[in-house]
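Labels for the chains are A, B, C and D, by order of writing; each one numbers its residues from 1.
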Amino acid sequence: MHFLELLVELLLMPILAFVIGLAMVLMMRRIGARIQRRVGPPVLQPIYDIIKLYSKDTQISHGLMHEIGIIMAVGGYIAAETLLPVPGLDGLADKGGAVTLAYMLMIPALGMALGVGQCANPNGSIGISRALTAMLAYDIPFILVIFGASYVYGTTNLAEMISIQQQQGVSSWGIVQMPLLALTALLILPAIMGKHPFEIYVAPAEIATGPMVEMSGKFMGGLFVMQCFQLYTAGVIFTTLFLGGGVYWITFLPKIFLVVAIPMSVAYLFPRYRTEDVLRLMWKWPMLLGLIGLAVVMK
Amino acid sequence: MNELDKIPVRQEISVAQGSVKRSNPLANVFDELVRFCQSRSMFMLHYCTGCGAIELPPAMTSRFDMERLGIQPMVTPRQADILLITGYVSVKTLKRIILTYEQMPAPKYVIGICSCTVNGGMYWQSYATAKVLKEYLPVDIYIAGCMPRPEAVISGLRDLMGDIKSGSASNWKRYFQNYDHYLGNQQKLFDEDWQTPTDIIAEAEHYGLITDQTLGEHTALLQKHQQPLEALEFSLGEKREKIRGENQ
Amino acid sequence: MNLLVLMIALPLLTAFLLSSINRISTLAARWIGPLVLLATAVIGLSVWPQLGAAPLALQWGGFQAPLGITLYADQFALLFALAMTIGTLLLWPRSAENQLRSSSLALLLAGTGSGLALSGDLFNIYVFYELMTVVSYGLIAGRGTSGSFASTLRYLVISGFGAALALAGIALVYQATGTLNLAQLAQLAPEKLNNLQGFAAFVLMLIGFGVKAELFPVNMWVPEVYATASSRVSALLAGVVSKLALLIIMRLLILVFHQPEALTVLLVLGILGVASGELAAWRARDLNRMLAFSSIGQLGVMFIALSIPGNAGIFAALAVMVHHLFLKPSMFLLAERWGGSIEKLAGAARTSPIAAALFVLLALSLIGVPPLPGFWAKLLVIMPMLALDQPLYYLAVFVMLAAASLEANYLFRVVMKLYDKQPAATSHKVHATADLATALFLGGGLIAAVFMLVPLADRLDSIAAQATDVSTYIQTVAPQQLQSGRVQ
Amino acid sequence: MTALDTLLLISAITVGVALLAGNWRVGGWLVTILYALQGAALLMMSGLGYSTLTVVQSSFSIEVLSEQLLWRFDALSWFFALITIGAGLFSSWFASGEWGERYRDNGGSLRLFHGALALNVFTMLVLLASGDLLTLFIGWELVSWASFLIMALAGGKAFGYAMRYISYAFAGAMALLGGLLLIYAEVGSFDFQSLKEAAPQMQASTLWLLVVLLTSGFGVKMAILPFHLWQAKAYAQTPGPGAAFLGAISSRMGLFAFIVVVVQLIGISRLVEMEIPFTFLDAQDLLAWIAVFTIIIPTYIALRQHDARRLLAWHGVGQTGYMLLGIVIANDLGSAGGLMHVFNYASYQAMLFMVVVAVIHRTGTSDLNKLGGLFTRMPLSYLAMLIGIIGLAGLPPMNGFVSKWLIYRSLIVDGSPLLFLGAVIGTLGTILSVYKLIHNIFLGQLRVEHVAVREAPLSMVIPMMALAVIVFVTGYFPGLVLDWTSAVQASIGIPVLAHHLGGVSMKGGLDMIWIVSVLLIGFGFGTLVFFLGGRSRRVHQLDNYAGGHFLTAETRYHYSDNFYPGLMHLIGPWYRNSFEWLERGVISAVDTLSTAMQGLYRNAHPSYLLLAAVVFALSWVIV
């Protein structure tokens, strides 16, 4: 039937995600610079960085798993993007749904963790330990959000969630239906994206950027690509769950950029949290909000 | 103290290699693009050995903002393109600097900041200080001064940027090509069993940068003392004899 | 028919003649005891089939019942008479210095035991019971250690009290009915003994005879005696003699005392026996004491089974008794060389693998692991209790099940020690061949029972049915009395 | 002679052959072939797994206590038997080669090991075949003691753990016996059918008592809270492949019996009616919450282990919670998930144990703080462990994801956010813990003493790889297993899950064929992107950034101990060993009582008691 069409969609979705992700990285760095009253990087800086990293003459590898780890990290995101419906492109949204997506997103993290492990650098392992702990911290409220949304829309299919919100107008948007859960999601968004103030796992001065300590050249480049996907995914998921998704790119893009911009703008104002403080914070306020939100939603 | 011109540097090789033109015009464009990106995205490892480091924060923060030039600080040699050596280098520190340099992925550049890296500066008489950085590592740019202001630092970085863009900043290759010379100087300073856990000769082979200056008496001495450094290979069966030696 | 009398008379006679025989020939004195017992067993077995159809009553001493000495033999009684005889034969006491004395004591025990099982009136029962008690003092003290004397004394005191109480109970019965013949009592009981006096008589007799049956408050002698007596004697006392005492109580329950309170007393004492015995066994540090406490627990289960009204209770009790009859002597025989601290047993399985394996089998059966006989016996006890749907019986089930868990725990602690890979410092004694062979024979009986479960159950059921058939009892002993009873 | 007779006969023969020939060089292989034959006999009944057959009777039956004892197979038994025989086959295969020789050389009795393993399989088949409550109990006890046998084989410490197991198991069995006999008293028969008919009329109080007794009985074997303490240590100490076998299937027998009696016969709908006073909960909720705590607590205990076998064994306890949770939810999704998780879990748990045993075989330790960097030395074992941990953590593309997805989805459908949250907390803990497992063994720095280590022998690698293939293929095509679970659902009277080869056909369903394909293609593109960059150069593990420090082979440069300090800083104080405390409390209570009883028998003067009895009796007479 529309097999060819689907194939094109599947190809297009990761590419779009990457391009938009690049722009988001730029935006993030610009926001950071502006907050610090700097000029910030030029427009094409993310591309420069990636090209430079891929074109390094020395690509230091610590073994096969180090390489496979990076492949898993990038490949996993490429695959995950096809589960994420965007205007005009539903991809495989009906084959998996929100729960599948949430677990698919752990594949890149796992790949990266394995790759870092192979490097035999304790700084990397410490970073992974902290990153996994942080994941434990934010995933618990995140799962409340996923559950709440699935409950409200009566489905875990993201494409259906979008169509429900689109058909019934703004009043049916997630943010109106379940404002507390939206707030929860917003609170944990910087942690999901691994950004300030929850980036203890990179802690450059302390554990030499943690997981990235042995990453050079294209390995680092792969992680830069992954970061683009990461920001994009976070933005799109939030938009899909709470902001009605989008039928047109023209309305969709501002939403996802806004979603990413909000935590970024706030985040740079805070100092880093320690690991146990991340846990304590995440398990206190977002969790509380999430539970109340759920109670409200489920009556 | 060695004279600068006594260093047997074969300038013409590196220059010729740096600006080699490929016959395919597209490949040329590609090379240009890569060099441009490399020049516009420089990650630096500031090895803050001395007082010069104090000038870097202003260069990075709101006043001068290096990031607008695509220059970012990085904390591990694996991610860095530039090694900034910001001040005097004691003998003990130099060992670390050399290791760090060797762990950086090519193309890599060294910038010596402050007079101390040029000729020892105010430590010129110190017994514990390596005076001329250039004897041990191929330095791309010196930014002299005690200490140089942020403007000078940025200016130096821009010079390097230009060199990279034009393809003439290829001093890193000299380290491989003349490894015996650099190693000799290092051995003279440290001891004859001096070694780092990095395998420079294998890397030189990897990039085809072995010249007749790469290997010599000093590398022979090195190989006498060196622990074997082959990467760990997969093993399914019995053929373990080669790697077993690693333990001894 | 009259042969049955020989079952009692022959061993008794031999016992008294033994010393004379010994003067003539020591060899004959050594062998005559077992041979007589063998002969008695053969007699008993030859009578066995004909009892299936109808039980036999025997008036002895020239008077008719109720005045004469009445022997009553149904399969139930004969089973335990046989158990007594064969048990004594299997567990024939072997002591180097006092062979003569212990032989005659064993013969006496066998004779009195058979007599006890076959007696048909309370007075004879009391006489045989007392005789048996005295014989057991001798057997227990036979070891001659200070410990055995002390425990004998303790046993003596309690038995004395028990005997007095039993006698008081019998007196009460006699006062109420004017007879001690069981058949006549069975006739009179519904009107004369179905009151408080009857109940008091029952309780007194229960406690009195309960001394031997290891009934809860009067079983304080058990651990010390079994720990100090020789294992063969302990096996005999725990395995066989206790069952005979139980048999009397069963007879009394079936024939004379039908008060529901009687059952309640049995139940409560049984529960207390199980709980106290198994709990105490949990902390026992040597095998003999552990087995002693465990046998208190097992006897408790039998009392619980007896407290179930109707045929089912007798059947269940019979099953548990027969199971215990095989199991406990076997275990005590194994404990013969494994006495002392359990810690010292570490690694004993290496020196005596067969004994260790047998111990595992016995332990498994004791705690009731299917398909071994112990499980089915336990099932027979619990099933009718739950059907009764009464709180006290639920409690009993709970206590039994909890006790089984404890039992599994302490028995397998021993097993673990036996199979420990680090052997203890002292070397282990190997079992005497005779001990091991007897234990294996009894253990083999348990395994054989697994394969003959169905016929065995049927057989026990019919024995129980025969035992509970009161009217047959009365009719067999004294047909004319039955009629006159009605006239009265 | 029915197919079931054949199966049981071959299984019994396997026990005999194992006991007879276990010590021979070919003994292990002989036994392995016999397991394969058992598998073939099972396949003769494969109609059970596809709902074309409903029941296969055994022609053997006996009558005891006027009860007809029956043995038969239905879809549920078939499904569990498949896993049992598979686990037996692979474990025995694993044990047959070099592992067995080493075991024998170290003084172990291979005959006893193979015998115990075969006995376990046989007794489990007998249990699975039970056709009424009495045979169920008989099978139950046989299985318990067979597991005890294999646990105690190692001697030493294992004795203590096996002892603890049997104390729990026997107490559980007694609870079970109480429950079953209570049913008999209520229903008047041990027959399944009569219980099923009588259950709807039972009084709530009886039913409560029954559910408590049965669940504790079955729960001890499943090691659900609060009976979970025995399992991990006992399994971890079982010799090598025995641990793989026990870990894979042994405690599932509890689940099997739970499904048969509580789900199939009493019925979950009956549980829903049983409300707990003064709460919003009913019996089903209670069970679900027990399941959830069984997920969470053992998983986070596993996180603290530093012995690979214990870590896995504790996860085994935790994973049971998922199965129970799915089954207790009892809608089409949940029960399919719970059942499928039994299969999935068996496949990867056996494999993970095998990997750990292979590592012990080669390095002599399973201490996570004494290993590291074995990836280059044992790459195939690493691959197996990787696949296994992805399965255990429940991530795509392995089969563990599918079953967990089903359970999550059922909780969403059911509208139980807190149960869902609990299940996810368990999964997250699992991810943390399995990463630590693979990292500390295979990743990081290779220690000097392990440089000469080689890949495990083929006799060990092949079973691992075969299991890995199963884990992946049933993740790719979950329909293969869902066919069987659907047959089981049909036979135990739960709504059947609509499924296809790729997964679940429903609104917001799951199609693993697409998901996995797209993931693999994604990896393909990832590889392309990766090779856009220049050729990579492998460096020695000592060529590593250490803040300028010079690394040598003697430098321990591997992060392993206290792997999650940040997390432990916060949740560390929450580990209070409450259950250990509880257990010790019970033991000392029994101890005190026992001392009192001993005192009663030993010290208290018997005549006093006698006197009391007399006074009591006389007063009764007089009053």
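Remarks
Here is the rule we use: a residue touches a chain if its C-beta (ideal position, glycine included) is under 8 Å from a C-beta of that chain, and two chains touch if they have at least 3 such contacts.
Quick caveat, the model's predicted, so the values are computed rather than measured.
Simply put, of A-B and B-D, more C-beta pairs touch at A-B. Each chain gets one centre point, the mean of its Cα atoms, and the points for subunit B and subunit C are 97 Å apart. Annotation: 79 Å between the Cα-based centres of subunit A and subunit C.
Subunit B has its Cα centroid 36 Å from the Cα centroid of subunit A. Subunit B and subunit D have Cα centroids separated by 56 Å. Along subunit A, residues 53, 55-60, 62-64, 208, 213-214, 217 each make contact with two or more other chains.
Shown for subunit B are the residues that touch two or more other chains, namely 76, 78, 103, 203, 231-232, 234.
Among the residues of subunit D, those in touch with two or more other chains are 373, 376, 379, 446, 537-539, 541, 543-545. The complete set of chain-chain contacts reads A-B, A-D, B-D, C-D. Touching subunit D in their complex are the following residues of subunit A: 10, 14, 53-65, 67, 70-80, 82-83, 92, 94-97, 99-100, 103-104, 106-107, 110, 113-114, 117-123, 125-126, 128-130, 132-133, 135-136, 139-140, 143-144, 147-148, 150-151, 155-157, 160, 200, 208, 213-214, 217-219, 221-222, 225, 274-276, 278-280, 294, 298. Those residues of subunit B that touch subunit D in the complex are listed here as 76-78, 95-97, 99-100, 103, 196-199, 203, 206, 227, 229-238, 240, 243-244, 246-247. Contact residues on subunit C toward subunit D in their complex (touch as defined above): 154, 157-158, 161-162, 165, 196-197, 199-200, 203-204, 207, 217-224, 275-277, 279-280, 282-284, 293, 364, 367, 369-371, 375-376, 379-380, 382-383, 386-387, 389, 397-398, 401-402, 404-406, 408-409, 412-413, 416, 419-422, 453-454, 457. Residue ranges of subunit A in contact with subunit B, taken from their complex: 29, 33, 36-42, 45, 47-49, 51-53, 55-60, 62-64, 204-205, 208-209, 212-217, 220. Of all residues in subunit B, those touching subunit A in their complex are 33-34, 36-38, 40-41, 61-62, 65, 67-68, 70, 74-76, 78-79, 81, 103-107, 203, 207, 231-232, 234.
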